[in-house]
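Shared between the two complexes below is subunit A, which has subunit B as its partner in the first and subunit C in the second.
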Partner chain A sequence: MSTSLSNTSTVRAGRWVYGASVALLCAWVLVPIYLLLVNTLSSPAAVSGFPKSFVPEFDTASLEFFAGFSGMVSALINSIYVAAITMVLSIVIGAPAGYALSRFDFKGKELFRLLILLTRAFPLPLLALPLTVMFIQVGLDDTIFGLALVHTTLAIPFAVLITFSLFSGIPVELEEASWTLGCTRLTGFRYVVLPLILPGITASAIFAFVISWNEVFAAAVLTIENRTLTAFLLQNLDTSPLHLKFAGGFILVVPALVFIFAVRKYLFAMWGIANR
Partner chain B sequence: MNSNRLPYLLILPVTLFLCLFFLYPFFQVAGQAFTNDQGLTLANFERVFSDWKFPISLKNTLLLAAAVVPVQLALALLMATMVNRMKKGRDIVLYIWTIPLGISDLAAGIIWLAIFEQSGFLNSMMHSLGMIDRPTSLLSYKSMGMVFLAIALAEIWRATAIMLVILVAGIGLIPKEYYEAAEVFGASPWKRFTRITLPLLRPSLQTALVLRVILAFEIFAVVAALGGTLFPVLMGETYSYQFDLLDSGSAAAIALVILGISIAFTLVILRALRVPKGAQI
Partner chain C sequence: MKTIKSKLALAIALPAAIIANAASADVLFWSTQAKPVQEQQAMREQVLAGAGTVDYQANDGGPWLTRLQAELEAGSGSIGVLGALHGDYAAMDAADLVDLSDLGVESNSATFNNLAKLGESSLQYIPWMQASYIMAANKEALQYLPEGANIDALTYDQLIAWAANVHEATGEPKFGFPAGPKGLKHRFFQGYLYPSFTDGVVRTFASDKAVGAWEKFLELWEHTNPASTNFSFLQEQLLSGDAWIAFDHTSRLAQAFNERPDDFVAFPAPAGPEGRGFMPVLAGVAIPRTAPDMDAAKELVQHMLKPETQIATLRATNFFPVVDVNLPGDLPPAVAAAGNAVAKMSSSSDANPGLLPAGLGSKGGDFSKVYSDTFERIVLAGQDIRMVLDDQKGKLAAIMNETGAPCWAPDAPSEGACPVE
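Right, the complex of A and B next:
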């Protein structure tokens, strides 16, 4: 880089390499999803035919087969129910703790944080194994609610840490000001903190939904009759035809695309403090 | 309300919930692993360890983690630094790169099955390039290397995003002044990366690695979709003990092995990337 001429050409080459790598990495993520889309929108015959076209036929036969496959629709509905219950439970139970962590210094706070962090150092789905026994004892075996409880265990550490970081982002002075103006802790929370925090809470709720929607192992262990979509697909992997797998995979992916788009602004804020 | 008691009241639901659904099942799984009809025993472990599939599934799980995690770390670091200096289009690129974050391992397995299966897109592409005449089965016992590659690619594709998010958030916390100062003193981009970004990113690297390594030992559905029974892994063995063999004692024993490996690696990572007190930003 002795002359300015070679300098500008290096910079230009560098910029080109940079742009190309960004494009390449985008393609690396998007092309496999596109290929799944091609398979989903092709007729069953085309899905198992060869060579395969890289352009979809826009044939809905595979999706219709999926919708008509016995047990599939109820599995889809089960998945939505489980994820919805998980979403509500993890926020209702987790958010108060997040608030406590951000606003109070109390004895045992470190111990509590350790408990939360500990859960992240464990392969949690494994805990579904002993829970099968416990659920049979209390009559929760093979129920949507029982599975939602296990998924809540997966989602709750995230809910606590994310809400902790969200609450920490709201100055405590705002709350204190509301108290001097005659609010109690509860009304101050309701009228000052809650409106500010709501979008973030929604984002972490969506995150909990996705965690549950995607979970395979615990769902497969804990449900037999009331399978969720992931459990149903897993159970039928050996026997189901290709087009059914691809349509099922596609149905699994769609909400993920939408949800990540919805929470994209919060993903980084959520992880920024949550990983401390 | 007494504000001394309020914080305890607020953390009570989570604490109760985690005791019931995290600590209690954890002790139960340990109990199941060490007992059978006759009482306290190591029989479950003996049965698991003497199973011919155990060494293979242990080897497969560890090999996959060893192949996948370093690639993911490098890729996530590369992507995070690229995003960091991006001015235009940062939002859309970040969205695209984080899409796999929301995709389940089962769906990722199915996606890569579309590419690697016999009539899949890889064979179709090689056919149209004239490299092969007829589609060959890529995912069979005759081509275990290909099975491994397919599973590793699917894992890298799916789970790099979680590391990316953690690292991007971490890089965002590094004060810009450090970079400006380094530039004034003529540090090259590579120097800036190794001397500023990497050391200050240690807490995030720690989190990202712990999370990722633990998830790597839990690999299950990707393997089930792509390798089926060809490629046994620990989590799959747990599942088949529980379901196909209805032997929950042995399932619990393998579960404890996975737990043990996860904890050991977590401790190693925490130790290796320790952040000295006072050196935190």
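Right, the complex of A and C next:
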């Protein structure tokens, strides 16, 4: 009797800890975003005042300022283009590299894996000067495609490493079975492997998107007329009044949230694979 | 698969369309000034409205310089006009800037025009706008002014007594100092504390008078909000009530006066035994040698110096004109308040103006770092003043010797590099 009692209390305590952890993790993510929202929808006086209210007063003046801020919309569109191109390029280049790393043995494989990571070893401010000089000479300067190339370089290590571990998780026997049933390497990949790793590809696409979305320095130096939202807004928010900081931060966060929300089901599917 | 293909097509088609778009005839105004978003907006809509198609882009110092260097190195570029502080230009090679003497515009101050020559014989940039650092206080603090103190002619002792009174009355230290990561604390030491106590900046860096200056500053620090190491724009702390008495750049106090003009007063910086030290801030416009359309760029520079543009710039940025203008009566509260304080400061009988550091070239940042580091070691780390000054003195002397920069006011003139005595 006593053992079963202590068991139920242990289970209850376990549930409580579980629930509390879930609540804490949710709060960890949601509270800052909520505070951002509250301050975005508050008047300047309320933002710098104290004590703070946890209920927004729905003052849209800060957001209206950005609605009338010339160049915002085109910067937003540029950001989406750059992030989309970065996403596509990093998958198109990164996924085959991940496949090769997982399926084939070749000389210098370890070195190759290390070299891929090396692109993240140098700070961009260091690379930006020679890169810009080259871009100006080649004619890639101030183009969305040129900036996407730089962001792709930054995103590829993640694309390669994520797809590498995904391909490694898929037994090569599955592929071999498809070959015996008349598939070529290509069609076997197309009909057997690809459907299995699609969620993982989505995950690395999200990484690529977020890396591109958040990058400031290269964007500020490499684009002039075609600025991305971060180059256009983020580097100038630090010196702006508090209420505009909040509103600007909100504007920067929302599109990325919307994107992640839109692709979330693929992400959950990937976690499903990992649990398999 | 199909979607991936169409995405690829998009990826290839879009940049092509965008490359074609980029070839427009705007003059690119590449600036480190008027960075806050609402100032950018005002620059675009008001200041540059009558100047043809101008693309005004404000940047952090890093991207600003990197982009400029890349264009100079590549030999071609898209930047038409530069807007930056005197110190930014002083760090550049004067040969990279177009000689602007034949434009027929200059400031009404011989000192500024001389600085704008960057050591050459002709104008390398045109002075564009000026500002300074002043004090501001919440009106609630005025009741604690020490007896006999005139707020327009405070001494450092009176300021400390005042801050102490407020501290005692409210139970909180309410002096605000811009010691945050983006704060302009080094300018306080270079242009205010050192000239006021030692009548010098470089020569007197480690003098006995300098020890006295730092001792006074430590007294003030006792009544300074310790969160000051996180303050970079004192307008925020004035508005939130974290600071009742504050020192900062005029444009970094402006929001407080504009939002609640009846709650705050602006007043001159305090005076020490060697006078009332203060420092101007000078921004200029220049044209890089790689400007794509030289005529349009020169026209824009001329536009920036027109009296009506200067007044519009004042409204937009809270930086004051550098040419003779008739100021209209309906200026924003911050402009009136700051303008009064600066005027009182510069016309006070004990005024001891310090000039901007000159001749340091690319070492301007290192020069300021000597003062910031000294502050951190003495005030934040609590190290012995004499020991820190003797230690930092070597670094300062090395910078002066390397650049060969001669002394500037209030230091006595030197032959060759300004000595650290």
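The criterion applied here is as follows: the second predicted complex is superposed on the first by the 194 of 276 C-alpha atoms of A that agree within 3 Å, B and C clash if a C-alpha of one lies under 4 Å from a C-alpha of the other, contacts with A are read in each partner's own complex, and residues count from 1 in each chain.
Basically, contacts are C-beta pairs under 8 Å (C-beta built on N, C-alpha and C of every residue); 3 or more make two chains touch, one makes a residue touch a chain.
None of the values given here were measured: they were computed from a predicted structure.
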item: Touched partner set for A:261, first subunit B, second subunit C, both or neither; value: first
item: Touched partner set for A:185, first subunit B, second subunit C, both or neither; value: first
item: Touching partner for A:238 - first (subunit B), second (subunit C), both, neither; value: both
item: Subunit B versus subunit C as contact partner of A:248, first or second or both or neither; value: both
item: Touching partner for A:171 - first (subunit B), second (subunit C), both, neither; value: neither
item: Touch count on subunit A, higher of subunit B and subunit C; value: B
item: Touched partner set for A:28, first subunit B, second subunit C, both or neither; value: first
item: Touching partner for A:217 - first (subunit B), second (subunit C), both, neither; value: both
item: Which superposed partner A:123 touches (first subunit B, second subunit C, both, neither); value: first
item: Touched partner set for A:50, first subunit B, second subunit C, both or neither; value: both
item: Residues of subunit A that lie at the interface with subunit B and also at the interface with subunit C; value: 48-50, 92, 125, 128-129, 132-133, 217, 220-221, 233, 237-238, 242, 248
item: Residues on subunit A engaged by subunit B in the complex (per definition of touch); value: 18, 21-22, 25-26, 28-30, 32-33, 35-36, 39, 47-52, 54, 92-94, 96-97, 99-101, 103-104, 106, 108-109, 112, 115-116, 119-134, 149-150, 152-153, 156, 160, 185, 210, 213-217, 220-221, 230, 233-234, 237-238, 242, 245-246, 248-249, 252-253, 255-257, 259-261, 264, 267-272, 275-276
item: For the subunit B and subunit A complex, residues of the former touching the latter; value: 1, 3-4, 6-8, 10-11, 13-15, 17-18, 21-22, 24-26, 28-29, 31-32, 78-79, 82, 86, 91, 93-107, 110-115, 117-121, 123-124, 127-128, 135, 157, 165-166, 168-170, 172-173, 203-204, 207-208, 210-211, 214, 217-218, 220-221, 224-225, 228, 235, 238-239, 242-243, 248, 251-252, 255, 258-259, 262-263, 266
item: Residue ranges of subunit C in contact with subunit A within the complex; value: 1, 4, 7-8, 10-11, 14-15, 18-19, 21-22, 24, 26, 28, 35-38, 40-41, 44-45, 55, 57-60, 62-63, 66-67, 69-71, 73-74, 76-79, 182, 233, 235-236, 239-241, 255, 259
item: Residue ranges of subunit A in contact with subunit C within the complex; value: 44-45, 48-50, 65-66, 68-70, 81, 84-85, 88-89, 92, 125, 128-129, 132-133, 136-137, 141-146, 148, 190, 217, 220-221, 224-227, 231, 233, 235-242, 244, 248
